[in-house]
Structures are given as C-alpha cells and as structure tokens.
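In what comes next, chain A is part of two complexes: it sits with chain B in the first one and with chain C in the second one.
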Partner chain A sequence: MIAVIAWNTFREAVRDRILFNLVFFALLMISAAVLVGQISIGIEHLIIVNLGLTAISLFGVAMAVILGVALIYKEIERRTLYTLLSKPVRRWQFIAGKYCGLCLTLTVNTLFMTAGLILALFYVDQGLRPSDLQVLVGVFFILLQLFLLTGIALLFSCFATPAVATLGTLGLYMVGVFSEDIRTFGEISKDPMMQRLTSGLYYLLPNFGAFNVISAVAHEHPIPGALIAGNITYVVLYVAIALIASAAIFSNRDLK
Partner chain B sequence: MKPHNLLAAVAIPLLFCGVVVISHATESTVASLQPGADVLNLSSPRMIKAMSFGYDSLMADIYWTRVVQYYGDKRHAQGQGIHGASEHFPLLMPLLDITTSLDPHLLVAYKVGAIFLAEPAPRGAERPDLAVKLLRQAIGNNPDDWRLWNDLGMVYYEDLRDYKAASDAYVQGSKNPKADDWMKVMAAKIAQDGQSTEISRFLWNEVYNSSKDENIRRNALEHLKQLEQRPARR
Partner chain C sequence: MAVILAEALTKDYLAGFWRQTPRRSLDSLNLEVQENEVFGFLGPNGAGKTTTLKLLMNLIFPTSGKATILGHPVSDTRMHREIGFLPEQPYFYDYLTAGEMLDYYARMFGYREDRAARVTRFLERVGLGESRDMQLRKFSKGMLQRFGLAQAIIHDPRVVFLDEPTSGLDPIGRREVRDLILELKKEGRTVFFSTHILPDAETLCDRVSVLAHGKLQGVGSVRDLFQSHVQGVEIVFEGGESPGFHRMQVGVNEVYDAFERLRKAGARIVSCSEVRPTLEEYFMKLVSKEGQS
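Then we have the complex of A and B:
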C-alpha cells in the first residue's frame, strides 16, 4: 500500500510544471558555470563543481519545500484524502507513502541535474577524471539533506497551512545550516546555562551543515567513510522521528 | 492569425525596441550615479561567510572572479590612459582576503593574487610585502602544497631581493617529502649567488611548466623574454 501511494505521489509531482521550471533553471545555472570559468583564472573545473552542486542543492531545497509543505494540505483541500482513507489504508501508511513518493521525485530530479553537471564537466575537461567520482558523493550528501528536509516539511504539512509550513521548514533549514555556530556562540559565552542551552539546541536541531561537502569535493579532498556512514544514520534516525511525529499528529487529527 | 495575437506580435517587438532605446539613453546617467570601481560594499570576510548560507566555496569563486575583473579593469584603464587610473590597486588585498577566507584552499587565488600584488607598477600593486603575507597564509592553510614555498621564495627573490629569506623559503619547501629535488638546489644556489639571470630563468621556466593556466604561463613567458633582453650580470 505504501508503494502504491508513493508511486501516485511521484506521478502527481512530475505533472507539476513548477518542477520542470526548477530543473530547467538549475541546468541553466550549471551551463552558466562554463561561461563564468572563462572570465576568471584557474577555476574552470572548480566553478563548475561549486556552481553545479550549489544549484542542485538550492533548487532541490526549493522543490522539497514547495512540494513537501503542500503534501497533506492539498489532499484535504481537494477532498481526495477522504476517498483514500475510506479504503483499508492506515494513516501512518499514507504518511510513509507520501514521504517515499516525494523522495523518489527529488531523487529523479537530482539525477537529471547531476547528468547536466557531469555533461558540463565533460565539456570543459574534454573527458572525465577519476576524481569526478567525488562529485557523486557531494550529490549523495545533497540528497540526504533533501530527504531530511522533506521529513520536516511533511511534519509541518500535517498541522499547518502551506504558508506557515513553508516559513517553519525554511526557518528550521536556515537555523540547521548555522547549528555549528549556535554551539560556538555558547562556547564563547561564559554562562554555563547558556552553554548547556546552545549545546542542547545544537543536538536537537537538524544539522544541515554536516551535509555540506561542496568545497571539499571541489578541491578533490576525500570524504571520510565515517562521515558518509554517520550522515546516513543521522538522516535515518531524524526522518524516523519526523515521520513518527507526523503519523501521530495526522492520526489524531479530526478530518470530518 | 487572430487580431489579439497579431497585436501582441507587433506590439511586443516594438515595445522592446523602446526599452532598448530608453536603456541606451539612460545608461551614461546611471553609470555616473554608480559608486566607482574602488568601492567594496561588504568588507568583512566573516559577514560575507555568514551571508553565503554554507555555499562559501561558490562565493569564493565569485570573489576570485571579481579580483580578476578588478585587476583586468584597472590594467585596461591604465592602458587607455583614463584619468585616475594611475593609482594602485587599493581593493586587491581586501578582495583577496575575502576570497581566501571563504575558501582557504583556493590555491589559484594565493598564487596569482601574489603575482598581482608583487609585480611592480603599473603591472601590479607593487606590494611584495602583502604578497608575502598572502603566501604565508596560504602555506598555513595548505601545508601539503610545497609549491607555495616556491611562490614565496620567488617573491623574496624577484621582488624584495631578499636572497637570504628566499633561500630559507626554498629550504623550508624542500623539507616537504613530496617536494622536487631542485628546491634544495635552488636554496643553495640563491644562498651562494644571490641575484642571477640563470636562477631567474630557471624559476620562471618552472612557473611556465608547472601551470596549466594560460594567463600564468603568458606572464611567465613575458618575464622570460625580459630576461633574454637583460644583459647577463654573472
């Protein structure tokens, strides 16, 4: 049942024109990197990796937020949810299916953008280098980040309107990007209470900064396997928390 | 064709023509109101880093491109004899500082930035002291890159004529296990001979052969040509 809901969510999402626009603009941005490289010195390869991964990340975040925050709300608005829930579908299955469908959509779109990036690298370097494999690690980390963000967007979507959910998701994303700084502020402060508070926030808030390896990948620095394993586990755990909370909120919601 | 489609097909190109004419007419006024090229609206690397939302390396590339454009525009203005173009490059170091703070591993910014800073006027900022500062930062941030010691040694040798410091830089660089053997030879040769056309030729040849960038290679070639014209000192 989860797979059916996921597949339908994917089919519905790919019909959305905004998605194609975002992928188009991301590919345009990646192509622009070829031109930027030519007006600078010594960064032809670097700028394509940097701009390409940044475009994939930025447009991926936009897609995850735009699609994620409306996931449940749209179903209630269109009253399609009632038809679905009249069938033998548990509410948690609905949530899990929606989440998987959106992750599938994001994965397919990210693969399209990655293909554009690889083509740009191929064009500039007249071939691919073994170190370009590192770019795929960067893309994988972006995907993990998007899966985490989708979980958060879905959680907001269970109880808030799309506008409020967008603000909440983007707010958490921005705070999550700077979560390392929050802890540093606490360390600078001499107040032990403040140190405990900032340290608690650091562990509680989603740490999006840990997924940013764009610079390391661009400079062909190897990404440690421990970080890859750690980030996968982190996303699995955090998404599980978000989905369980979403299912609990959604199950308790009076839909009549 | 339906009348409203025909109207759109005629009106849109005509209105675009109007937009182009107006833009052309106002561009000189707009340019006169813009701040000059020597204005850096945001000068704090920390602030820019925070504003880049984690996309520091892309921001560094953009700032590096701005360094190149700034240097190129200044050189172009000098070539055209534009008023005020004779002054040096006041934004070069702040821009390089921002670039390398955003991406401490952007080697090209240190290497080419040091050339821009160290070259005598009007080709550069004639600030080899700042070039040394930049390269020492580069070495601190990238201790594995032994070629940075060569760049530092070159600034001491070619621009500051401080042969002891140059020799020391080559000695330090040669301690890196990956360093080429000629680093040791260069340290000894500079310590023994000081200024020599032979050493300069070797160093610029090394820059020419080790760089893949056309601009750096062109600069090295220009120096090699100048050395050919210089009478042999030793």
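Then we have the complex of A and C:
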C-alpha cells in the first residue's frame, strides 16, 4: 500500500512543471560553474564541485520545502483524501507513502542534477578523476539532508498551513545548519544554565550542519566512513520520529 | 443485521477563533439501513448530511455515539474493502489521466492480473471509455462525477455511499446516475445516498430519512412517511349542479357527508383518492418546523 501511494506521489510530482523549472535552473547554475571555472585558472575543478554541489543542495532544499509543506495540506484542502481514505488505507500508511514518494521524487531530481555536474567535470577535466567518487558521497549527504528536511516539512504539513509550515521548516533548517555553533556558544559561556540549554537545543534540533561536506569534497579530502554511518543512523532515527509524530497527529485529525 | 447502523451519533465542531465554542453539526442520529436498500438521506444544505457521511467514512470522529457498517466499527479500515464512497464534488489529481487514476485506486485493492481490464470495464460503465487517456484537469464537472462513481465501485463493494451524486449534473447526467444507482440495487448492493434533489429520492429510494439542523426528522418509505400526513380526499364527479366533470377536496372525516351531498344532487362519482403532500411539501414542512423550534 505504501509503495502504491509513493509511486503515485512521484508520478503526480513529475507531471508538475515546477520541478522541471527547478531542475532546469540547477543545471543552468552548474553550466555557469563551468564558465566561472574556466576563468579560475588552476582551480576549475574545485570551483565546479563547490558551485555544483551548492546548486544541487539549494535547489533540493527548495524542492523539499515547496513540495513537502503542501504534501498533506493540499490533499486535505483539495479533498483528494476523501476518496483515498475510503479505501482500505490506514492513515499512517498514507503518511509513509507520501513521504517515500516525495523522497523518490527528490532522489530522481538530484540524480539528474548530479549527472549534469559529472558531465561538467568531465568536460573541464577531459575525463574523470578517482577523487570524483567523493562528489557522489557529497551528493549522498545532500540526499540525506533532503530526506530529513522532508520529514520535518511533512510533520508541519499535518497541522499547519503551507505558509506557516514553510516558515517553520525553513526556520528549523536555518537553525539546524548552525546547531554546532549553538553548542559552541554554550561551551564558551560560563553559565551552566546556558550550557544545558544550548546542549539540549543541539540534541533536539536537526543537525543539518553535519551533512555539509561540500568544501571537503571540493578539496578532494576523503569523507570518513564513521561520518557516513553516523549521518545515516541520525537521519533514520530523526525521520522515524518525525513520521511517527506526523502519523499520530494525522490519525487523530478531523478532515473537514 | 443492519448494514449501516448509527447509534446516537453526535458531532460538535469548534467554532470561533479566540474563544472556541462547540457547534453541534449532528445531534444523536439513530439510523438503520438494511441490505439491498436504496436509502435516501435528505436535507437542505447544512443539515448535517455530509457530516454524517464523513463520520461513516471515518474522515472525522464522533463527539459521542457510534456507527458500524456491515457489523464493523467505521474505524476498521479492513471493512473499506466492502464499501465505496463518492464525496460531494469529488477532486482528483489533476495531472493524472482517468486511466492512471482509476488504476491507482484499483491497486489499493490488490488487483493484479485483471487490473487493466477492470479499469477499462468500469470507465466504460460510466461512459468514460474514450476519455481514458485524458488528464482529469480537462474533465467537465459531469465527467468528474462519473469518474467519481467509477472509483466508488471499482472493487464491487457491497455498500455504496454517494454524497449528492446528482447535484450539478445536467438532466442527461442525472438520468445516467439514477440508472446506475438502480443497476447497483439490481446487483444486490446497498446504496446510501444524500441529496437535496427530492425527485431523485422519490424515484430511487426504498426508504428515506429527513435531516434538518443536525437532527433526524423522520425515516421510512416515501409512502409510509406520508401515510400519517393525509391532507384530505379528492373526489372527481360528473354532473350534479352543472354538467361536466368536477373536482372537490374534502377533509378525511367529511368524505361520507360529501358522498351524500353529491348523491342528492344527482352527481356520478368518478374517483376518490387521498391527497398527500409531495415529498417536497413534506420536506419543507419539517425543515421549517425545526427552524422555528
């Protein structure tokens, strides 16, 4: 059932032209990176990887937020849910299906953009380097970040309007990007109360900063396996909590 | 066993922004629908018809009371294999074609090998066979309503719930929907439909109930509902004081006196029949009475 809903969510999203526009702009930005790279003598590779991964990340976040915050709200507002939930579908299955469908959509779009980046690298370097495998690790981290962000957007979508959900999701994203700094701020502070507060916030808020390896990848530094395993575990746990909370809210909600 | 059973089903909505107060949308509804009945759920807009259907579909939750379908609580989604639902003004995914959307619904029931044939069969049944590859956003309102019917019956349900199935349709569309409801009855299914279009209820229903301001006003066969509401007796006679055919209406208790007067006047009685209100008159009377109280 979850797979059926996920596939349909993907199919519906693919037909929506906004995604094509975003992918087009991302590919345009990657092409621009080639131009910038060509005037950056000696560091073309670094510039292209840096700008390319940043473009993939930015447009991925835009897609996750735009689609994620409306994911459930739109179904309720447009009443498409009425016919679905009169079928043998449980509400948690609907939530899980919509989440998986959006993640599939984001994955396919990210892979399209990645193909564009790889082509750009191939064009500039007249071939691929072994270290370009690290680019794929960078893309994988971006995907993990998008899966996490989608889980949060979906949670907001279960009870808030798209405008409020966008503010909430983007707010958490921005704070999450700097969550390391929040903890550091607490460590610098001598106030134990402040230290407990910042430490609590650090563990509570999604740590998006942990997924940012763009600079390391651009400088061809290897990404430690422990970081990869840690980030995967973190996303699985965080998304599971977000989905359980979403399902709990949605299962008890009147669909007026 | 009642196919649909509602016991003291009540729903309050919270209204207001700062100080939310409960507003009763459905008040202690008791209802039983038997197998293979076409049951009409009548009431003006805002009477609580859609609220009742949403409660039965488990889309909203009752404040108190309970409801079962085929003996199962409405919260049991396994029972949804046996029911179909057409919401009022149904919406579907705009960018999918009719074939894709109906295939999506069919997948939810686990159909595999015969799924494509089933989708084709049901699209043809509602007259959309040639629109299979058209995106739903290009469908007219009538076409969407017919598509909605197809998705409600794609899995051969035992009980079909239809919320205002004929509203917004042209006369031909209404006729087609009415024919489909009668077909469903012939196939042995139970049909529960809400409507405010009274001729449809008169034509189709074995029994009807009337809802106004969230309260059930009456339930029974269309005939039974009016049995106790005989307004008088109409007598058609020929001759008497002037030649030709004449018509007169008298009270139920005045019939024999009227017969006697006509006999004395030398008139010939052609026919004598009860005068009962039309469903519309009955409906309006109940609704206005409830409004005043």
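Of note:
Here is the rule we use: the second predicted complex is superposed on the first by the 254 of 256 C-alpha atoms of A that agree within 3 Å, B and C clash if a C-alpha of one lies under 4 Å from a C-alpha of the other, contacts with A are read in each partner's own complex, and residues count from 1 in each chain.
Note that contacts are C-beta pairs under 8 Å (C-beta built on N, C-alpha and C of every residue); 3 or more make two chains touch, one makes a residue touch a chain.
Quick caveat, the model's predicted, so the values are computed rather than measured.
When both complexes are overlaid on chain A, the residue A:K190 reaches neither chain B nor chain C. Of the two partner chains, chain B is the only one that A:G209 touches; chain C does not reach it.
Of the two partner chains, chain B is the only one touched by A:N50; chain C is not.
Those residues of chain C whose C-beta lies close enough to touch chain A in the complex are 13, 54, 57-61, 77-78, 80-81, 83-87, 89-93, 95-96, 100, 104-105, 107-109, 148, 151-152, 161. Within the complex, the chain A residues that touch chain C are 1, 4, 8, 11-12, 15-16, 78-90, 252, 254-256. Taken in their complex, chain B has these residues touching chain A: 50, 53-58, 61, 64-65, 68-69, 103, 105-106, 108, 111-112, 212-213, 215-216. Looking at the complex, you find that chain A touches chain B at residues 36, 39-43, 46-47, 50-51, 54, 57-58, 174, 177-178, 181, 208-209, 212, 214-215, 218-219, 221.
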